[in-house]
Amino acid sequence: MLTRIGFIGLGIMGRPMARNLLQAGFEVMVHSRTRSRMEDLVAAGARPGESPREVAAASEVVITMVPDTPDVQSVMLGPAGVIEGAHDRLIAIDMSTISPSVTQQIAAALAERGIRALDAPVSGGETGAIAGTLTIMVGGAAEVFTECQPVLAAMGRRVTYIGPSGHGQIAKMCNQVVGVLTLEAVAEGLVLAAKAGVDVPRVIEALSAGSADSWNLRHQGPRMLARDFKAGFFVHLQQKDLRLVMELANGLQVPLPGTALVQQLLGSVEAAGGRALGVQALVQALERLASTTVGGR
Amino acid sequence: MLTRIGFIGLGIMGRPMARNLLQAGFEVMVHSRTRSRMEDLVAAGARPGESPREVAAASEVVITMVPDTPDVQSVMLGPAGVIEGAHDRLIAIDMSTISPSVTQQIAAALAERGIRALDAPVSGGETGAIAGTLTIMVGGAAEVFTECQPVLAAMGRRVTYIGPSGHGQIAKMCNQVVGVLTLEAVAEGLVLAAKAGVDVPRVIEALSAGSADSWNLRHQGPRMLARDFKAGFFVHLQQKDLRLVMELANGLQVPLPGTALVQQLLGSVEAAGGRALGVQALVQALERLASTTVGGR
Amino acid sequence: MLTRIGFIGLGIMGRPMARNLLQAGFEVMVHSRTRSRMEDLVAAGARPGESPREVAAASEVVITMVPDTPDVQSVMLGPAGVIEGAHDRLIAIDMSTISPSVTQQIAAALAERGIRALDAPVSGGETGAIAGTLTIMVGGAAEVFTECQPVLAAMGRRVTYIGPSGHGQIAKMCNQVVGVLTLEAVAEGLVLAAKAGVDVPRVIEALSAGSADSWNLRHQGPRMLARDFKAGFFVHLQQKDLRLVMELANGLQVPLPGTALVQQLLGSVEAAGGRALGVQALVQALERLASTTVGGR
Amino acid sequence: MLTRIGFIGLGIMGRPMARNLLQAGFEVMVHSRTRSRMEDLVAAGARPGESPREVAAASEVVITMVPDTPDVQSVMLGPAGVIEGAHDRLIAIDMSTISPSVTQQIAAALAERGIRALDAPVSGGETGAIAGTLTIMVGGAAEVFTECQPVLAAMGRRVTYIGPSGHGQIAKMCNQVVGVLTLEAVAEGLVLAAKAGVDVPRVIEALSAGSADSWNLRHQGPRMLARDFKAGFFVHLQQKDLRLVMELANGLQVPLPGTALVQQLLGSVEAAGGRALGVQALVQALERLASTTVGGR
């Protein structure tokens, strides 16, 4: 039974995830380059770690939740990295969203030092992180996944084992493709409804009862209407993920014409100064093309 | 309380809808240009009508469920049409999917003869028509809607009043935009998953637990995987609807770049001989671009 | 040798075309529903005709240059139409841009009355019409084309026989596809150049020397830069033509994803009030997406 | 007057370019990692260089023509690189197509050692390299450009000074955007023409006389028709360039929806095994969507 968990990366997602581990009864050691971010977790019972190495040395499972591919490389394999704290029982779980192929390279490097690794990226945003209801997609050895399930269950509601190393990240890439195009679906439908002059909330209600239903329709549709562009998930992080998606798809020679289009439309949101808005701001690109506005006062 | 219902148009959708009215206890008179289509409904208790005029004259509510805009024009306003059976209490409900602007013209023409009209297009396909679980989007006068609710409730589970005449059809257009782009979302995600070599059913399972979830992901994703291209909703009817969508959007000057793309990709399915497949065959266009196949034996 | 020419439709294109026929020495009878449009041509030596029928009866060749498909149907086959002025030697040349399939139907109807027909749509805009340098794409019987060549040569510089009835119109549809996507090419390239801060006129100069060269780059690129959106060819006429293109492509099951995209972007120009601008205003849709402006003072 | 030229990178493009310098009377020292590639140039009068450093030390102008960004970095700044052969009069001209921002970094690094640099990417392919008719777009200091003009003129017909360091590369990115979308224009037009059954060579002839004309229409159109997919410019190099384009556009927040679409369609050509075909194979993606073939036997 795993009890000692290390958590590295205490941003918007990482902090509530670490807190949920604490509340589930795990012994947690945290680490962040930004010292102040550790304070309230330490106040809540976590121990502070000086470096990824120290966290790894003191833990059975070390979890990383950092922004991008180079950050994971550095935390795992860099100076004073997790790899330097290697010991027999250590499992490293990267929950960041990063390149599937680099994920496999990192896992291989860790394996040489006896560290078993999982990739376990999440979906669900800050809300899901706080509520402990994240969707978690896991790649790595099946038996390592089984061993870690209680740990992951403390942070997410639906934890799915996908396959060997990197497959969690690939599932996450697919999640981003499906999610962003479904969001485009909602945005195009609502702009049409609005400019046609129909009652948009009733359209959302009617559509969500049938085959056009989606999480995005029910959750992002009303936000678009209410001009609520506060970020659950930032435009610029979505774009980072779409760059990873396109790199993967390009390497596999999988044309994704719809996803490529949405990537450009989100670029329009960035061009208009909306990098730090939530992804539902995608509707603004279509509003700009249509010289109209969905909802609003 | 409305009891005598006329039903005109006994195709794949119309027959089970008329049957559900019979089973709900309404007195039903049916009419179809193809006489043989009336037989089993007559055997089940419906009366046969010689013409739309006769059906209208004998009914309080006359429902039309026919393929396209000119069919509704002809049944409603043509020789021996509904308009010729006009009487004081008559309500005409068109449940076909047709042009919103022509819908308004027909309603105006019917109004001149004292016939009140609703447009009430449906979503849910043959399955929904049989099960009586259609989504119904209604346009017309609110008090006429209220009066007809028991009738509509016999055919659909979620019946939503959208607004004045034509607004039911506009909501249906929005439904087609959102539905078809959500389907594209699923198709692109699954082709990427398949070519990346991950376990696709697990990807569907994981994604349907989070923000990428949709009716299409849960229902059409598995069909794409199982190579089940049997039509719930035909490609060629989807294309007919998308032409109506584009005509509406064009008139309103609403650019729909994603919908326009999917329309072209569905055109590729038609070009390959797939007109009579279900819309989930959209995935075949992406498979063709990627030189791959999702699922299969 | 054909000498008596009738000309029906005296708009922006038709008037200079009729004038060029006069100047080439043909006897010309003109007709327009708007009487005042005939005045200066009559002053220049043309005879006025009361109706298409009268024009046809008095001519060896009757040319139509009207806005859209129904206009050609009406002028050719309607009351007091060309068909009523049928005689042994009559040739009808439609130079409007209309539906290829309706063109074939009209030609068949005319043939029943012994009238030989050509479709001869043009490219080159008002400038080309005035200068007599239009590009003319001709469909119909080869021997009729040969007989009419001196007439067409009075209006255009490059006159190409494409094939049987309707093939001139199909070539024109292809012309619109290639032209509008080439325009998109220029617009995307210049927006990128402008936002990157390079010297755009030099970029145009450099690119026009190599494999990226096009008529649009050399002619429309500088107009985009100079913010000269005066219409050589109206956005709304381009959109009319693209609807014909899409109707043709849809019937033939030819997916045109790029053309469909440009159609939506031009819709954005219309939405912003630019229907009466020239097609080079396409760049404004991309500028709107990029929150930037190419050129300007 | 510059007379001693070093040339590094003797691939399909580099060899004929170096040969043209020799034929123009320059003293040329060549270098390639693949020794055998130097042989015929040495036989023709060039001197062999052991390393970029040696070439730089012996030359007034050192030219690089290598595949990608890291290659230029390594040749210029790596061990035994150009920078190690720095001397007072040295000018470094990179004629490869690489990242504009890395170009500026390299130029800055070279400047610290007193080396003046130009970026001078080319358009025109192997044919243009052999014929000495390349289009050359130049970035860097204007006076360095002026000094190098006789050298560049030996390799290209149209040499355009664009602006400061990196601007040659940016112009090249714009060239790729315009070129590839113009190619898409031709591909869509020809697939429509072919499936409509018109005489495609006549359509090309007619269109090239008017506003739809382009280099691609006249040169790549006939190749598409003749099924001549031999590479003037490889699909995989075009894709490399489009990745640079998208990286630039993404950084500048310039949405390029058309270019993004073509990138995906070229991905389809790669997926079908066409990496080493010429870019005109783009038409194959559209043929696949339309289940048809342009031209052929």
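As written, the chain order gives the labels A, B, C and D, with residue 1 at the start of each chain.
Note that in this section a contact is a pair of C-beta atoms (placed from the backbone, for glycine too) under 8 Å apart; a residue touches a chain by one contact, two chains touch by 3 or more.
Nothing here was measured: the structure is a model prediction, and the numbers come from that model.
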Chain D and chain C - chains in contact with each: A, B
With respect to inter-chain C-beta contacts, which pair, B-D or A-D, contains the greater number? A-D
When the C-alpha atoms of chain B and chain D are each averaged to a single point, how far apart are the two points in Å? 53
Averaging only over C-alpha atoms, locate the centres of chain A and chain B and give their separation in whole Å. 37
Centroid distance [mean C-alpha coordinates] between chain D and chain A, Å: 39
Enumerate the residues of chain A that touch no fewer than two other chains. 249, 253-257, 261, 264-265, 267-268, 271, 285, 289-292
Where on chain B does chain D make contact in their complex? 257, 261, 264-265, 267-268, 271-273, 285, 288-292
The residues of chain B that touch chain C in their complex are 239, 243, 249-250, 253-257, 260-261, 263-265, 267-268, 270-271, 285
Of all residues in chain A, which touch chain B in the complex? 100, 123-125, 128, 134-135, 137, 157-158, 160-163, 167, 170-171, 173-182, 184-186, 188-193, 195-196, 198-199, 202-203, 205-207, 209-217, 219, 245, 248-249, 252-259, 261-262, 265, 286, 289-292
